[in-house]
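Shown below is the structure under consideration.
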Amino acid sequence: MEVSKAKVCIIVGIPGVGKTTVLNLVEEYAGEEGFKIKIVNFGDKMFEEARGRGLVQHRDQIRRLPLTVQHELQEVAAKKIRWEAENSRDVHVFMVDTHSLVHTSTGYWPGLPDHVIKGLKPHTIFVVEARPEEVYGRRLRDSKIRIRGDEREIGEIREFMELARIAALSSAVLVGASVYIVKNFEGRAGDVAREIVKVLKML
Amino acid sequence: MEVSKAKVCIIVGIPGVGKTTVLNLVEEYAGEEGFKIKIVNFGDKMFEEARGRGLVQHRDQIRRLPLTVQHELQEVAAKKIRWEAENSRDVHVFMVDTHSLVHTSTGYWPGLPDHVIKGLKPHTIFVVEARPEEVYGRRLRDSKIRIRGDEREIGEIREFMELARIAALSSAVLVGASVYIVKNFEGRAGDVAREIVKVLKML
Amino acid sequence: MEVSKAKVCIIVGIPGVGKTTVLNLVEEYAGEEGFKIKIVNFGDKMFEEARGRGLVQHRDQIRRLPLTVQHELQEVAAKKIRWEAENSRDVHVFMVDTHSLVHTSTGYWPGLPDHVIKGLKPHTIFVVEARPEEVYGRRLRDSKIRIRGDEREIGEIREFMELARIAALSSAVLVGASVYIVKNFEGRAGDVAREIVKVLKML
């Protein structure tokens, strides 16, 4: 099949839902079917842009830049990804790996605000979710995150996941994209990846 | 009373909440009070536009058009409805019958994305809701929808209804419209219709 | 420290969550640390604008103006606040006291629609929440609001608070602002105020 222009899709999920595992399987399964997916990490694109302008040397310096500068970098990164997708050859889908909401000490930050989502013009936003207890368990195993008490932490994860879903929907309304929610419950990563590939081929 | 320009309102609700029943009663009750409501089906307007351009012959062909073409048709349909409302005579309210969210195999699609809601510039969005169990029952009676297991289905209806409400609110934020939620519980269609007419007369 | 340009932040919360108490403490605590906060009431700014144009004499006449006129007043008020913040001297933060959602007999009205939030361009939206039962209790003590039955009222407060939070997030997505949720549970106003001051100093 000749492909002249790739569709842009987005995949989001809060830390610990298993997004990376799913994404690797999506790439693998799609490849087996001759369906070409290019995964683009939005944070990498932003960093590339910021470093190219001499604004930062390390990735974690980005969030210390003035907010208007961060917004400018986000907008340019989004537009460049869109441009690459429109000018790609032999790629079916550009899958943008990012967040619909980022939780920091200064609050919940939208990852797909107006100036980003309108630059990307995605077809579909995939939202990866899991049970709050599973997310908590994965975070315990995967890192040295300081835990302040189990129940509070799980309640906070639930709130974060609900808000991240709502943020994804709000962003989708801005561009008429669809929101596809997948439940990555323990042991389901393979099924979830196959489901995503199936949807991608339908778009 | 002389009326020179109709207000635009929108009514949404997921399949099975009883929106059509309510809407027919709204028209009837309003008529009894000399308050003229014109009901416009958004999907009909889109189809009319698509057929006029020779893009489709049947309604279900619309969703197979490229996404950008569908968006263009939506935008034009919205602007035409707005124009008709502004140039209507002796109509108090143009009530646009549509969805805030559509559930398909490729995800949840916003029915009132930025380019539609800004074309319609509505005053108020009425959201018709019902108990998930009632919606499930109505769907069982009214059609041949394949059911995959009661509990799962009811949970999915609850999720869909919650997201449809959030999508309506997101759309309302884009234009400063109000969201009015009505609970169409079993046997309440008449009360709900009277409530909507009362609100319409207050706008 | 010399300050040439103030950041704009917003604080919202449904009636009865204790926003005013928190806001007074925020101003007091910040002042003690030499951090200057200017509190601006959005409704006052709108009224000032409406009265200056000879449209109203009393504040409650605003909501009887045509919707397009109200939107125009909102937009101008937002832009003036932004302008004042950008041209202020020796103020660290302009804190705009308003609502993300207003509940009236014609539905839920977004307090930070597109044309307002894009005028204000806030850095962070603080959402003050409380337990629905506490809100109910405060409303009982503080005013003569007619109560239609405890349980129904508390359920309605819970719905309103959930929707107000979602509306704040929807507005934040439009400008890439963060949403910071604080839980003003009984007796916690001081802690909440200190938390807000801490966040303001981090922005």
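Order as written gives the chain letters A, B and C; numbering starts at 1 within each chain.
The criterion applied here is as follows: contacts are C-beta pairs under 8 Å (C-beta built on N, C-alpha and C of every residue); 3 or more make two chains touch, one makes a residue touch a chain.
Computed from a predicted structure; not experimentally measured.
It takes 120 degrees of rotation, in steps of 5, to superpose the Cα atoms of chain B onto those of chain C. As for how the two copies chain A and chain C face one another, under half of their interface residue numbers coincide. Centroids built from CA atoms put chain C at 31 Å from chain A. Multi-chain contact residues of chain B (touching two or more other chains) are listed as 166, 170, 174. Chain B makes touch with chain A in their complex at residues 67, 71, 74, 104-110, 112-116, 163, 166-167, 170-171, 174.
Those residues of chain C that touch chain A in the complex are listed here as 123-124, 166, 169-170, 172-181, 199, 202-203.
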